[in-house]
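Structures for review follow.
What follows is a pair of complexes built around chain A, which joins chain B in one and chain C in the other.
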Partner chain A sequence: MKRTILWMSVGMLLLAGLPGCGFKDIDRRFFVMAIGIDKSEKPDKPYHVSLKMAIPFSKIEPGKTNTYQLVSDDASSITEAIRHMKSKVDKELDFSQAKIVVIGKQMSAEILQKDTLDWFMRRRDIQGAAYMALGDPSAEEVLNVKTDSERFPGDSLFLSFDHDGTESSYIVTEYLFDFHRRVTEKGLDPYLPIIRPTGNAYLIDQVAVFDKTKLKAVLSPEETRIFNKLVAKYQKFDIETKTDQIQFALNVDKIKTNYNIDTSEDLAPVLHLNVRMIGQAEESSKSFYEKPWSYYERLAEQGVAARYTHLLQKLQALNVDPIGFGLHYCATHHNGQQAEWTAWETIYPKLAFKPNVRVEIKSSGGVK
Partner chain B sequence: MSRYFFYFMSISMLIHTILIVPRDHMNARYDGAILSFLIGPAIGGVLVYAYTRSLSKFKGKGLPEIAAERLPKALSLPLVLGAGLMSFIAGGMAWIHCAFIISKYLNPDMSPYALLILFVIVTCAGAVQTSKTVLFSTEIIYIVCVPLLVVLLIHGLFSKSMNYDSVKVMLDYTWVMPSWSSLSAATNTFAGYMALSVFNRTFPADKQIKHLWLIPAVGLILELFSFFIPIGFHGTDGVDDYIYTWVSTVDAFRMKYLLIERVVSIYLLILLVVTYVFTMITWHVGAELVTGAFRIRPPKKASLRTQLPRLAVCVLIGIGTVIAGARFDETTLFKASSFWMGIRMPLDVLIVFAVVLLSRWRLKA
Partner chain C sequence: MKPFDLHAAIPGLMHSGDLVSRGLNIDEESVQLVYLSSLCDKQYLQSSIMQAFGDSSDRADFKNRLSLIPGYEQVQSGDAAVQKLLRGYALVLFPDAICAIESAKASTSKPLDATMESILQGPQYAFSEDIATNVQIIRTRYPSKELRVEYSVIGTVSQTSLAILYDASKVDPDVLLELDERLSKIDAEVVQASNQVQMLLTDRYHLLPTGLVTDRPDRTVLNLSQGKVILLLNGTPFSINLPAVFFDFLDSMEDVYQYPWLMRPLQALRYIGACITMTLPALYVAFVSYNPEFFRAQLAIEIAGSRAAVPYASYYEVFLMLFLTEALTEASIRLPKHIGSTATTVGGLILGEAAQQAGLVSSIMIIIASSVAISNFVIPINTMSYAVRVAKFPLIILAMYFGLVGIVTGIFCFVLYAASLRSFGKPYLKLFSGEAKRSR
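Moving on to the complex of A and B:
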């Protein structure tokens, strides 16, 4: 018995030798919520890095507890900017809560060169599942927005992008790891949603498409919605149809998309895109019971198919492939990846698109 | 009792597929890694079958007793000692890998050597317990951890971010002959059966281990998952940029409704615990084999005094592991572990072959 007590006390004494540092208390930390990278005017210090840091509160209240501190700095690399920023704040910077990376629009060409993205991939505390977006006109202005509905700084951006709060078909989501994949993968090109600050709110309804080296174009909000269906397999959509006789809107809550690339004729390769949408009527200028629903379904299908073709042809003209047709081609043909890729490069410019849209109306809503 | 066989087999398979092997296979992904997934389980399955079936002929005996009974001392000593040291090295490698990962992602303020020292102390304490205690604790930890790991794997498979086109592109490289290192890595996934050289003592001999076909099947599935899920997430070329492929892949998961949104922290803790179990098993086996080679048999009732030789061996190897961990950096560690797997596979085959022979003939009059 005595011996056990002796051993236990020796064990206790050994515990005292354990190092106690290595962990900073939570009130000695600044939680970085969002990181912004802009291009600065100084040629020797090209990176303008901004950090949005949360100030902790004991009680959470929407619109009141989202005060933040925005710190920014110019430097020749991101690391150096962060190092220098540490001298501007009184607490340890903690990046583990940084869930969004905003790139300034001026910076969009540099982000594709590896050294900018590199910092985010190399740091262990930046999460791979962080969101990425393009800030228009600049990342700093996006970070400097304080919305009234936020519970903590940056909250409204996180809610928008993970479709947990608002479910908008205009908001395209992009993750850091996915962006990195798209930068390296053949036949799958990167894209970024664009955030535009509007006073004390955001507008996220555009998407920028890239090839492997630079920003190629910004898609309009209408194109962005179709883009979201194709790239992110987003399920919510609404169809507006307008003819001389009738104008009606359908709310779609289920979309199934698949495509195949038909190269049986060498000179005229065709992409068959099969889309099946199931939805219900939300608004109509006339009673929906006058004609069989299949009549309205056909009307809607024509409109949607035209919009799909328009977007696909636009992407083709830009020679970008964010949907991954090239990768799909390589995946479905098996005669050596290199040969497939060179074949695809000649196929894509002359590819014809045949969208085959099927709309199914399952109800006309609460009235006839 | 035979379920315990599946516990330590699958712990060993998990450790290999998520901790040790991915880097090797990612490097060889265009050079025959995929074919090695088909050949590896075949070889591994044959070895597992041969080893379990021949050991089951010896009632309640471990490798040291069998070798002492049927071989002259000049042959039995190197066989048993070699098997023991191999088991030790496998466990030590896993700890060094794990210490590097933990110090990089979970506790960057602490040096990996300090972590390694703590890990090794805990493992020593676990490894000197009796075989039954080791098996029982394996079961407990297995039931707590493995379902979570399986949930992560399934989440990866059905995630929207998983791009199956990248996976299909990789299938172009199926029929490339595998290199020795990727083949040995795929085969080593099944090396857990070596633990049977000690645990055979606790298994009742009148019952054979059933459902052995599960081992190559589960191993094949795990290897395919651990190879293709990172590729589906990071792309065929992008996956090469990451060092610890699986940590980076889990970092890309976001499970909104789990306790912690960023699952990688849970994953790292599970990894730590599973690695602990793995090293506890391998070091226990190692300690029993090394002391058994010098004719020290396990006592009926364990106490500090009877376990002292085992503790001494474990501490010695533990010190060796810490020194090795201090000398390795990441690149040499990966080179060392793929070199080790390359020489381990033929040695394993040798041991299995020896035991199969012993189960039929005896060389000692």
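Moving on to the complex of A and C:
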């Protein structure tokens, strides 16, 4: 008995030198921070994959420790490219921190094909909550930017998209899982924010809308802000109102949106969009201290409603539906045998938009 | 006049150097006084036996006077007489009888400072090393007519006396029965420590303690009032409280004395501490070597950077640092108090820092090693703290081979094991062991 225990413990001690098979120390891994997919010029190797890999530092300092290694490869598939790239680096590639996937603008039609996205969804170490964006002019150029404020490579992009750092109403966030869903879901179309490198910084103020096969249009920054409200339920907004008498700006910090589709009249379906905004005056050419502010509220409402209508009509003209009106319609008008979808396809082009905006001014924003 | 046959009366003790044997003569009759000088109080002998002897007119009168002295007993010759002698009795040998008079020296043992479980505001004294003093302490603190004290001996050679105390109105009779049964099965030769008794009463190979050993009289009395059985062993300043479940070991006496708003968070801190000290080193190995996706990107880069100087796999540095901290803890317990502080300074400050600068361990490992050590010290009861110290090593080995999955499995097995334990019939992981509200 005692002898068996002795031998067993000696065996255990010897085994202690041998770790398990998934064992790979953190310093033997190369953390891929961002993945870029571009279209290459070679027809037999259409995928130009770039990886931005972080070089580890023991002490993080902004602007100094964001050194990275950018590796690219052309191949016939993403898998092939990654496999070949492993021969270019000295450590094991680890995608567990790859929080952003940038698609080159040239590649935008291909990414909608299901098998391209498949690679991202299948790999267990790429998070479904990774951000997706479109790189203009190319993904590689976006990846190759080194901003001065970054603490580690890719930090700027992560902070921009997760609303943890900057909170801009121009930045639309799109996640990998959501994009994948939109590519396949009927009545809900994909969109991607566009990142434009500007020297050693980024500009993210546009959004690209897709139908199920290709990029349809790029929205202007002003349209992007409204888009952000509607699609991402983004809560921060500001309203500029300018008339001959007064010019004022409201800072809105609470927005409630809901809509319903009224098809009681077959020929003239209407979408009622109810928006309620609560905010305070931020800038004004007139003093703003006394209530009632209803006059200014009505002025602001008119401006906002016009902007909503403009965007909705533009999306309608493009025949894209990133807000998911179609999905909403199908979910609430079940008709068996997918008849509701064909019904929606005829309804959408003739849908009239009636935004009903209510602005409430909470305070004048100043102390008398 | 024939001399007394000491060989027959007290077999085996004749050659003890401290045996005093004196013949006392009254007229023509004689008696023999025998006692062990190292155990008996000479002053008392003088004032009781000698006084009685001086006043007596003959042997029968002397015998009558002796029987009036407190602690008088008649014993048979042979082993019974020897036992009495060894307990500090003086024997007076008459031709037809042996009288034993209790004359043991009064105990010099005083209550000690409570050092094992210090609390800030509350009783500051612990038990003493003498069983009579300890029983007296408990009787004073718990003056209830229901308090029962039973004496027994333990250890075939050491014959250490053991007091069993309980509140008859509250005690669970099943616990008493099981205790009697287990006590009768103990066949150890020498029993000297409370932890030893606790181990003998339960399974020798249990990882977790199922009897609570404490040096605090207040905790003991609280347990008495909760219907537990208390064992006091002569020669140790500790009481054994039975039954004891897991949650008793993470309770400090201050929890009872302070407002719940202050103590509940501190109690939570203790449970978190117990979890940290058990799992943190294993989690480090798992996260660094199997699942770095757990870390935020910045932390992952920093850890990778600080590990860049370390040429060995993560578990080597974990074992190295744990060895250092465990050795330090052990050294500071075993070393004389004056050298102990030097050892901790040398070990803690110099080795930790130097090991990191020499590139043997990463800087984050130093933090982990120290938080493991500190979290371990928040567990109030020493035996539980030992158990948790041991339990972390199997988890590290599991983490080495199977990563996070291994740790989850290990913790699951640990909980299973703890749930399978019974402390004198009480489930070990039972949350509220039915204690009365009035006891707090």
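Heads up, the rule we're going with is that the second predicted complex is superposed on the first by the 341 of 368 C-alpha atoms of A that agree within 3 Å, B and C clash if a C-alpha of one lies under 4 Å from a C-alpha of the other, contacts with A are read in each partner's own complex, and residues count from 1 in each chain.
Here, contacts are C-beta pairs under 8 Å (C-beta built on N, C-alpha and C of every residue); 3 or more make two chains touch, one makes a residue touch a chain.
Bear in mind that the values here come from a model prediction, so they are computed numbers and not experimental data.
Engineer: If we overlay the two complexes on their shared chain A, which of chain B and chain C does A:Lys233 touch? Say first, second, both or neither.
Structural biologist: A:Lys233 contacts chain B only, not chain C.
Engineer: Is A:Ile323 in contact with chain B, with chain C, with both, or with neither (first, second, both, neither)?
Structural biologist: After superposition on chain A, A:Ile323 lies in contact with neither partner.
Engineer: Pick one for A:Phe31: touches chain B only (first), chain C only (second), both, or neither.
Structural biologist: Touch status of A:Phe31: second partner only.
Engineer: Looking at A:Ala54, would you say it contacts chain B, chain C, both, or neither? Reply first, second, both or neither.
Structural biologist: The answer is second: A:Ala54 touches chain C but not chain B.
Engineer: Looking at the overlay, what does A:Ile171 touch: chain B (first), chain C (second), both, or neither?
Structural biologist: neither
Engineer: Taking the superposition on A as described, I'd like to know which of chain B and chain C A:Leu157 touches: first, second, both or neither.
Structural biologist: neither
Engineer: For A:Val183, select first, second, both or neither according to whether it touches chain B, chain C, the two together, or no partner.
Structural biologist: Once the two structures are laid over each other on A, A:Val183 reaches chain B alone.
Engineer: Per the definitions at the top, what is the overlap between the chain A residues touching chain B and those touching chain C?
Structural biologist: 19, 22-23, 96, 127.
Engineer: Residues of chain A touching chain B in their complex?
Structural biologist: 19, 21-23, 96, 121, 124, 127-129, 162, 164, 175, 177-178, 180-186, 188, 232-233, 324, 327-328, 330-332, 334, 336-337, 340
Engineer: Which residues of chain A touch chain C in their complex?
Structural biologist: 12, 16, 19-20, 22-27, 29, 31, 33, 54, 56-60, 65, 94, 96-97, 99, 125, 127, 151-152, 154-155, 158
Engineer: Which residues of chain C touch chain A once you look at their complex with the stated criterion?
Structural biologist: 287-293, 297-298, 300-310, 313-315, 319, 363, 397, 400-403, 406
Engineer: In their shared complex, at which residues does chain B touch chain A?
Structural biologist: Residues in contact with chain A: 104-105, 107-110, 114, 160-161, 163-169, 171-173, 233-238, 241, 248, 251-254, 256, 262, 264.
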